[in-house]
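Take a look at the structures below.
First chain A sits with chain B, and in the next complex the same chain sits with chain C.
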Partner chain A sequence: MRRSHLNALAARHPALFALALLVISLLINVILQPNMFARDTLNSNMRVFLPSILLTAGQAIVILGGGIDISVGGIVSIVNTVLATRVGLDGSPEKMWQFVFISLAAGLLAGAINGFFIAYLRLQPIITTYATSFLYAGLALFILPNPGGGIPAQIAALYRDSTPLNLPLAFYIIAIIILIWLYISSTRYGKFLFAVGGRAEAAYETAVPVTLVQFSTYVISGLMSALAGIAITMLSGSGNADIGNPMTLNSITAVVIGGNAMSGGIGGVAGPLMGAITLGFIQNIVSFAHISTWWETFVKATIIVVALAAPGVINLFRSRRA
Partner chain B sequence: MKRISISPPVAALLLAVILFLLSGFLPNGFGSDLAVAQSQATNILRLAVFLGVIAAGQTLVIISGSEGIDLSSGSVVTLTAILTYVIVKGQDEKVLLALLVSLAVGGLIGLLNGAGITFLKISPFVMTLGMSGVVTGAILIINHGNVSGKVAPVMARLIARPLSTSIPIPNAIIIWLIFGVLMWLLLERTTFGKNLFALGVNRVTARLSGVNVTGMNLATYALAGALAGFGGFLLVGNTGVVFINLGQPFLFPSIAAVAVGGTLLSGGKGSYWGSMAGAIVLTLITSLLTTMQMPDSVRRMVLGATLLILISIYGRQQALRQ
Partner chain C sequence: MAESLSARNIVKHYGGVVALSDGNLEVQAREVVALIGANGSGKSTMSKVINGVVVLDGGQLLLDGNPVHFSSPQAAKKMGIATVFQELSLIPQMTVAENIWLTREPLNRTGAIDRKRLNARTEELLALFEGTFKARLHPDDPVASLPADEKQIIEVLKAISSDPWMLILDEATASLDSRQVQRLFELVKQWQEKGKAIVFVSHRMEEIFRIADKYSVLRNGKTVGAGRMSDINEKELVKLMIAKESVFGYTRGESKASKVEPEVCLEVQELRTDYLRGIDLRAHKGELVGIGGLRGQGQRDLLLSLFGDVPYLGIIKLFGRQTSFKHPREAMKNGIALVPGDRAREGLLYIRSILENLLLPSWRQYGFPLRMGKAKKDAAEAGAGLNLKMAGLQEPVSSLSGGNAQKVVIGKWLMRSPQVLLLDDPTKGVDVGTKAEFYVLLSRLCEEGKTILFYSSDDEELIGMCDRVVVLHDGLISTELSGSTLTKENLVAASLGVLNGGAQ
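Then we have the complex of A and B:
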C-alpha cells in the first residue's frame, strides 16, 4: 500500500528525486563550505551557476518537446564574442544594452535556424544541431580568433554584485523563470508541448500544430542560450570563442538529473533547474574536498553517473521486492 | 513524376569522388599530375580508416534504435590507445596482448554502458556521456600528464606502411576493407544482425518474436565498446604518440559519418558501407579545407554547412501526414 503510494508520487512528480539530490549536495556543500549562506558566498556561487541554469531551462523545453539542442554552447559563444568585441572594455552602458538587444536577436535567429531545419525540413535533431553547433562555434571563432576584448567593469559588476534585499540576483531570475514556466504549462501551448513530446504523430492527429510547437522550442532555446551568453559574459567580463563549448553537455545532463525523460513529454522546468544547481554543487564539492587534481574529473563524473543511476537502482530493487 | 532514388552509401561515395576531382582545380591541388592525385587519394583514404573503424560501433548502437548512441567511444579510443602504448613499449611480441587488452577494456566499458541502459533505464545519450566522463577521469589518473611507452615496429609496419613497394596501398586500408566485409557479414548474414535490425524497428515486436532484447542490447553496447577499443589500437599504430585528447575529436564525426551514410538515427535501417562512405566524405572535406589553408573558424563553418546540406538531402524523416 505504502509502496504504491510512493510509486505514484514519483510518477506524478519526476522532479522529486532532483529535489532530494539538490538537498543532499547542498548539505555536503554546507559541511565543506561553512559560510555558504553568507550573502557574498551565496552570491558568488549563484552567479557562477546562473549561465548554466539559463541554458538548462531552454534545453529542458527542447527535450520536453521531444528534441535535443547540441548547438546551445555555440550560441553562448557567439553572444560572448559579439559583446566582447563590439562593446569593448571602455564601451558606454548604452552601447552595452544595444548589443545585449542584438545578442538576444542573434539567439532567436540561431534558434529559428535550428527549428526550421528540424521542424519544417524534418531533419533529426541531434545531427542537425550538431551541424549548426559547428556553424555557430565557427562563427564565434571568426568574430574573435583569440581570447580577449571585454565589457566595461561597472556593467559586469551589475551582474556580479547585485544583491537586492540581500538575496543574490540569480534567485530573482530563477523565480521569474519558474513563474513563466508555471504560466506557460497552464496555457494551451504548454499542453501542446507535452503532447508533441509524448507522441508527435498522435498529437498531429488531434490537430496539435506539431511543426509550430517543435519550431518554437528551438527558438526558446536560442533565446535562453543568448541570455546565458550575456550572463557568462558579464560574469567573466571578457571574451573567449570556446566559452560555451563545455556548457552544452552539462545542460543536457542537468535536464536528465532533473527528472525529464530524454524521449520527451515527461518532466518540467523546475526539476532541470535543480539539476543545474546540483551539478554546480557537485563541482564545488569536488573542488572543496581537496581531491588531487588528477582525480577531480573521475570523481565528478562518477558522482554524476551515480546520480543518474540512482532512480534506476531504486526502481530495480522495488520491482524485485514487489 | 517518378523520384530518382539513389542509395545513401552510393550518393556519399559519388559526392566524395566529385569533391576530390574538383579539388584538383584548387590553386594548390593536384592539377593534371596523376601520381600526386593518387597519393593524395590514398592518403585521405588512410586517414578515413580510423574514423571508419570508430564509426563501426556507433553504427551498431544507432541501428539498435531506442535513441541508441555511444558518446563514450571517443574516450575509449584514447584509453585503449594509451593502454596499447604502455603495454607494447616498443616490443613486437606484446602487440597481440595489447590488442586483446584493448578489445577487452573497450568491451567491458561498453558492457557497463549496456547494463546502465538496459537495467537502470538510463537514456543511452546520458549514460554514455557520463561514462565518457568517467573514462576521461580514469585516463587522467593513469596518465598523470605523461606516459612512457612506445609503439612496436610491427604495428607501424602493419598499419601505417604500404602493402609492398609495388602496391602503394597502405595496410590500414586493406585492414579496413576486410573489417568492412566482416561488418557486412555480421549485419546481413548472422542472427545477431537480423535481431539488431528487428530491435531497431520495434522492440516490442522483436521481443514478441522471440528476440532476447536484454541480451541483444548488452551485446550491442559491449561490441560497440570493443570496436572503439580496436579503433584506439589502430589509431596509436598510425600516430605513434598518445595524448589526452587523441580520441575525442573522432566522437561526433563518427556519428556524423553514420548519418551521412544513410543510417537512420532512429534505428532499424542502415549499413556499415554507408558509414564507410560517410567517413571518407567527412575526412575528405576536412582535409580539403586544411589544404585550402582556411582558418579554423571558416573550416568549422564549412563543415557544419556541408553536414547540414548532406542530411537535408536524404536525412529527412517521414512527414507527419501520411
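Then we have the complex of A and C:
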C-alpha cells in the first residue's frame, strides 16, 4: 500500500527526485566548499551555471512536446562567435545591445528552421536537429575559425558582477523563467504542449493545432539557446566556435534528471532547471575533489548514471521485499 | 444548429487500398442512425470522413443541403460534429478534466485556465454516468490510471461536452459493461429528444436494434442498403453485411455434456490475486467453460494467473499435477496458451510480418540455424487452416482487418498445439463472418480434446457456445450456470450480483 502511495506521489510530482538530487549535491558541495553561501562564491557559481540553465529550459519545452533538439549547442556557438567578432573588445555598449538583438533573432530563425523541418515536413526530430547541429556549428566555425575576439569588459562585468539585493543575477533570471513557465503551463498553450507530447494523434483528433505547437517548441528552444549564447559570451568575454558543443548533451541530461519523460508529455521546467543546477554542482564536486583531469569525465558520467538509475534500482528492491 | 448531413458517393483510399468506393449516409437531427458493416467494410473510414480526420478523395458532403469541405477535425468540430473514437483520443498523461475540455478550457481574465470552473463542469459531466464507475472518479485523476471502460466513458463525455448537434459513436460500447451501455443508451435517447443526431457504429446486433431508428450498411467500401430499423430483421441485416447467409445464430452441434465424465484437466482452488478473492474452478478435457460477468470483475486476472503472468496465491493443478508458473514461458511449456484481451498491445507485433507473428512462440522448434523453409510451410498451413485473408505471409499484421489480426493471434498458439486455451474476449471488435468461423474452430478444438476457458463480454456468445458458464462478480464466482439454467436472464442477473436468478 505504501509503495503505491509513494509511486503515485512520484508520478504526480516527477521533479521530486530532481529536488532530492539537488539537495544531496548541494550538501556535498557545501562540505567541499564551506564558503559556498558567501555572496561572491554563490555568484561565481551561479553565473557559470546560468547558460546551461537557460539552454535546459528550452530543451525541456521541446522534450515535453515529444521532440528533442540536438542543435542547441550549435546555436550557442553561432551567437557566441557573432558577438565576439562583430562587437569586439573595444565595441560600444550600443553596438553590443544591437547585436544581442540580432543574436536573439538568429536564435529564433535557427529554431524556426528546425521546427519547419520537423513539424511541417514531418522529419524525425533527432535526425533533423543532428543535421542542423552541424549546419550551425559549421557556420560558427566559418564566422570565427580560431578562438578569439571579445566583447567590452564593462558589459561582461554587468553579467559577472551584478548582485541586486546581494543575490546573484542568475536567481532573478531563474525566478523569471519559472514564473513564465507557471503561467504558460496554466494556459491553453501549456495544455496543448502536454497533449502533443503525450499522444500527438489523439491531440490532432481533438483539434489541437499539433503542427503549430511542435513548431513553437523549437522556436522557443532556439530563443533560449540564443539567450544561453549571450550569457556564456558575457561570462567568458571571448569567442570560441566550439563553446556550445558540450552543452547540448548537458541540457538533455538535465531534462532527464529533472524528471521529464524522453517520450514527452510528462514533467515540467522547474525539475530540469534543478537538474541543470545539480549537474553544475557535480562538476564542482569533481573539480574540488582533486580528481585528475583524466578521470574527470568518467567520474562525472558515473555520478550521472547512478543518479539516473537510482529510482529504478530503489523500485526493484522494494518490489523484491514486497 | 444544423438539421441534416448527407454524405454522397464518398471515395477514400489509403495508398493503394480502397477503404471506401461508394459510401453514402443520410443523417437527420433527432435520429439515431446505425452504421453497420463487417470489419474492414469502411465504417471507421466513413466516420472519419464525416468528422474531418481524413480528407475524402471523392464524393460530396452536404450540411443542410450545402456542400461543405472538412479539411481537419477542427473544421468539422466548428460545424458541431463530435466523435467518440474507437481508438481512444485521450491523452494518458493528462487528467480527466484536462482531457475532456482540451481546446475548450474555460479561461479567466489573465488567459490562464480557470481550474475551479474546469473541475465543476467536469463533475457535472461525470454525474451523467454516476454509479457506473468502480470508484468515485475525480476530475484530477490521470486518465492513464483508469480502466478501459472508464476511459471510454470519458471519451463519450469529451465528445458531448462540446454540445454538438451530431455525435458519432464509433464502437463506443465495445469496452463497456451492460450497466454502462444501459446508461449510455438512456443518455442517447435524451440527446435525441433534445434535437441531436447520433451515428451509431457497432458490431452488436442487439444494441443496434435497441437504439437505432435507421440503418445504413456498408460492405467492402460500398453502401449496400439503408432504411428504417422497423422494416428489417437481424437475419436480413446480417445478410446485407456479409452477403452470405447461415452465419448468425450459430449453435454447437451434438452432445452438450452428454458424454461420460472425462478427465479433469484444470483444477483451481482458492485462487487469490489483487482482484480475485478465492476462486474454485474445474475444467474437464474437451470442455468449453465460459467466464461471464461484467467487465473487470477479475476475469482477466484469472486467465493471466493461469498463464503465469500475475502472481497469485492458491493451488492450480494441471492434469492432477500441482503447478506454480512464475512466467508465461513455463505455462507455454506445459501446453497452455493465452489469447489476450488487447490484441494490439499484448497479442501482436503490429509492424512485423504475419509470418513472424505466427512463429513467435514457436521459433525454438525450428533449430539453429532456423529451418526457414519448414517454418514458412507451417505458417502457411496455419494461415490456410484459419482461412486467413492476407496478401502474403511477409505483409505486416497492421495490413490486416481486426478479425484477421485476431486469427493470427489464435494461429500463433495453435501452431504449438496447446492443451489448454485461455481466451480473453477474443471476438471483441471482430466482424460477424469471422466470429462464425471462430465458433466452428472452438467446437472443433473441444472435440479434439482441448480445454478452453472462454471469457466473453457478449452474453449471447457464452450461452450459444459454452457447456458451462461461471459468472464472476467482484473477484468471486457468484454463480455457475449450465444446461437449462444457462439463460440470458440468469446470466445477466448473476452478472449484476443478483443471486436468486442463479442456479444454485
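Here, the second predicted complex is superposed on the first by the 319 of 322 C-alpha atoms of A that agree within 3 Å, B and C clash if a C-alpha of one lies under 4 Å from a C-alpha of the other, contacts with A are read in each partner's own complex, and residues count from 1 in each chain.
Operating definition for what follows: a residue touches a chain if its C-beta (ideal position, glycine included) is under 8 Å from a C-beta of that chain, and two chains touch if they have at least 3 such contacts.
Just so we're clear, the structure is a prediction, and the values are computed from it rather than from any experiment.
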| item | value |
| --- | --- |
| Partner chain in contact with A:272 - chain B first, chain C second, else both or neither | neither |
| First (chain B), second (chain C), both or neither touched by A:229 | neither |
| First, second, both or neither for A:183, with chain B first and chain C second | second |
| First (chain B), second (chain C), both or neither touched by A:194 | second |
| Touching partner for A:252 - first (chain B), second (chain C), both, neither | first |
| Which of chain B and chain C A:149 touches, first, second, both or neither | neither |
| Partner chain(s) touched by A:91 [first = chain B, second = chain C, both, neither] | neither |
| First, second, both or neither for A:312, with chain B first and chain C second | first |
| Which of chain B and chain C A:58 touches, first, second, both or neither | neither |
| More chain A residues in contact [chain B versus chain C] | B |
| Overlap of chain C and chain B interfaces on chain A (superposed complexes) | 201, 204 |
| Of all residues in chain A, those that touch chain C in their complex | 11, 183, 186-188, 191-192, 194-195, 197-199, 201-209, 265-266 |
| Chain C - residues contacting chain A, complex | 53, 72-74, 77, 83, 85, 88-94, 98, 102-103, 105, 107, 110-113, 115, 142, 158 |
| Chain B-facing residues of chain A, complex | 68, 117, 121-124, 126-128, 130-142, 145, 200-201, 204, 210-211, 241, 249, 252-253, 256, 261-263, 294-302, 304-305, 308-309, 311-313, 315-316 |
| Partner chain A, residues of chain B touching it in the complex | 67, 69, 116, 119-123, 125-127, 129-134, 136-138, 140-141, 144-145, 252, 255-256, 259, 265-266, 295-305, 307-308, 311-312, 315-321 |
